[in-house]
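All chains are identified by letter, namely A, B and C, in their written order; residue positions are counted from 1 within each chain.
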Amino acid sequence: GTSNLQMDNSTSLLVSTKHHNHMAHQISKTLLSFFLFVLVLSDTVSSVRINLNKPCKHFILHIHNVAYDADNAANATSSTVVNPLGLGTFDFGKIVIFDNPVTTDENFLSEPVARAQGFFFYNKKTTYNTWVACTLVFNSTQHKGTFTIMDANPMTQPTRDLSIIGGTGDFIMTRGVCTFSTDLIQGQKYFRLKMDIKLYECYN
Amino acid sequence: GTSNLQMDNSTSLLVSTKHHNHMAHQISKTLLSFFLFVLVLSDTVSSVRINLNKPCKHFILHIHNVAYDADNAANATSSTVVNPLGLGTFDFGKIVIFDNPVTTDENFLSEPVARAQGFFFYNKKTTYNTWVACTLVFNSTQHKGTFTIMDANPMTQPTRDLSIIGGTGDFIMTRGVCTFSTDLIQGQKYFRLKMDIKLYECYN
Amino acid sequence: GTSNLQMDNSTSLLVSTKHHNHMAHQISKTLLSFFLFVLVLSDTVSSVRINLNKPCKHFILHIHNVAYDADNAANATSSTVVNPLGLGTFDFGKIVIFDNPVTTDENFLSEPVARAQGFFFYNKKTTYNTWVACTLVFNSTQHKGTFTIMDANPMTQPTRDLSIIGGTGDFIMTRGVCTFSTDLIQGQKYFRLKMDIKLYECYN
């Protein structure tokens, strides 16, 4: 859980003399009520707290996209499903669906820790720009669950922040930001993205 | 800003006289201020609390999908809009748009309580697997509003959890998890899904 | 920031007589612990508070959509990428991708304050109805960041609420509701929507 509030020392207070017994008793009861009340608020029911300076989870992953070119069915991990329509020269209207391997290092051949499933499309006349929806699907002994990234992806910029909008399993109800940077582009065939994932809302 | 908490009275505290009356009075005022303060924090402004053991709303619905086959325009509730491209044999690239009736029981002919509007597509070479975005639209005397489900849907698994990422009206700002299970599949023509809906964040 | 907690005077407390020194000292320690505890809860870690009666940000924008018709490549801001399939007469299955200018007034020629990037599709047999996913991308000296709107858009209704599900930069982790109303429709060529944007969760 996100909250491990320690209040060990703050309870053995209020040493009172005989004179003050009754009043101190009342006060201590009141304070105890407070403690319990605030604890109930904050811990059992998990009051939501966000600290943008300290993600509750932070990790880096790499996503590998091998585009289908009619000859590489065995290796392809994504494919164009709608072709660009010729509005400008930056692929406006092209839609790509993918099921990409996700690894902890940059090696395409490393054992994937997740799949990235989703789609993106090109939507600008004046430059290469995509809009992307992408769910990371974890299904290993270490992690089970999903979270979904969705945002504009102005891919000509060195880094771009995309929203993480929800999740399930180990990532139930999570939210945060994923910073994309392009590791490598090999023509139309292959690209690799670095994902710097910062979750600010965690319940597992 | 969201919080304009005023704590005017909480400053003149704990001046004690030779009797305890004044001090006790001040302490009680302080404690009351605390109560009010915490209440303001937690209630009026609705401090967000999540209890994963106890959804704030929990209900089960069934979604009915009748695929358009060129001969059933009157009954069809969904249609393929982009055909699979032949990458593998599991419909990779096929996109389906739908406006499906949603009922409280399994009967297709029951009065719908909502429509499920959205799309899904197949995105795996090795098995049937979809990615889905689906908004439940309620527009009855009982419920008005929407919420949106979005996630990978590994449909060969008996149950799969999908994120609920937001809503409007009766479901404003809601979040949670929807567990899909396949009730029934009738070839390419019809399928029915059970949706076990657990909302953990509710404001209405 | 969202929290402007003022507690300036709350430290110079606890003037006590000799009799009550110890007890008052203990009480003051306790109260200070409380203050610190509540401050930690509410301020540093930014306990999440939602007030549906008072958005943390509220503004109105206008989105302009110029449909591509093969002859207006210079002006077009959106294009059909998948044609309707003929299920009914309300464009079922038509998919549109856009990169639309967003202005603070209704004038198409005003300097855009953002771009609206995303897609929508028609999904009903019985009336014009769309489902939309749309990211507002701000990249000016005033605002940098994004937020994403996603929901059903029953466009024949005078107003409709759509979920705002997340954001980045100036709008990091934001959520809320965007009320669409149609300002103007000029045949198939142009439409303008008014967006009444209410953010209920803000961290910047």
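Definition applied: a contact is a pair of C-beta atoms (placed from the backbone, for glycine too) under 8 Å apart; a residue touches a chain by one contact, two chains touch by 3 or more.
Please read all numbers here as calculations on a predicted model, not as lab measurements.
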item	value
Separation of chain C from chain B in steps, with touching chains one step apart	1
Same-residue or different-residue interface between chain A and chain B, half as cut-off	different
Gap in Å, rounded to a whole number, between the CA centres of chain C and chain B	18
Rounded Å distance between chain A and chain B, as computed from the means of their C-alpha atoms	18
Where chain A touches two or more other chains at once, by residue number	19-20, 27, 31, 34, 38, 47-48, 82, 95, 133, 150, 165-166
Touch list for chain C against partner chain B, complex	1-10, 13-17, 19-20, 24, 27-28, 31, 34, 38, 41-42, 47-52, 54, 56, 82, 85, 87-88, 92-93, 95, 121, 123-125, 129, 131, 133, 150-152, 154, 161-166, 175-177, 200-202
Touching residues on chain B, where the partner in the complex is chain C	1-7, 10-11, 13-18, 20, 23, 27, 30, 34, 37-38, 41, 44-48, 68, 73, 76, 79, 81-82, 95, 97-99, 117-119, 133, 135, 137, 145-148, 150, 165-169, 172-173, 203
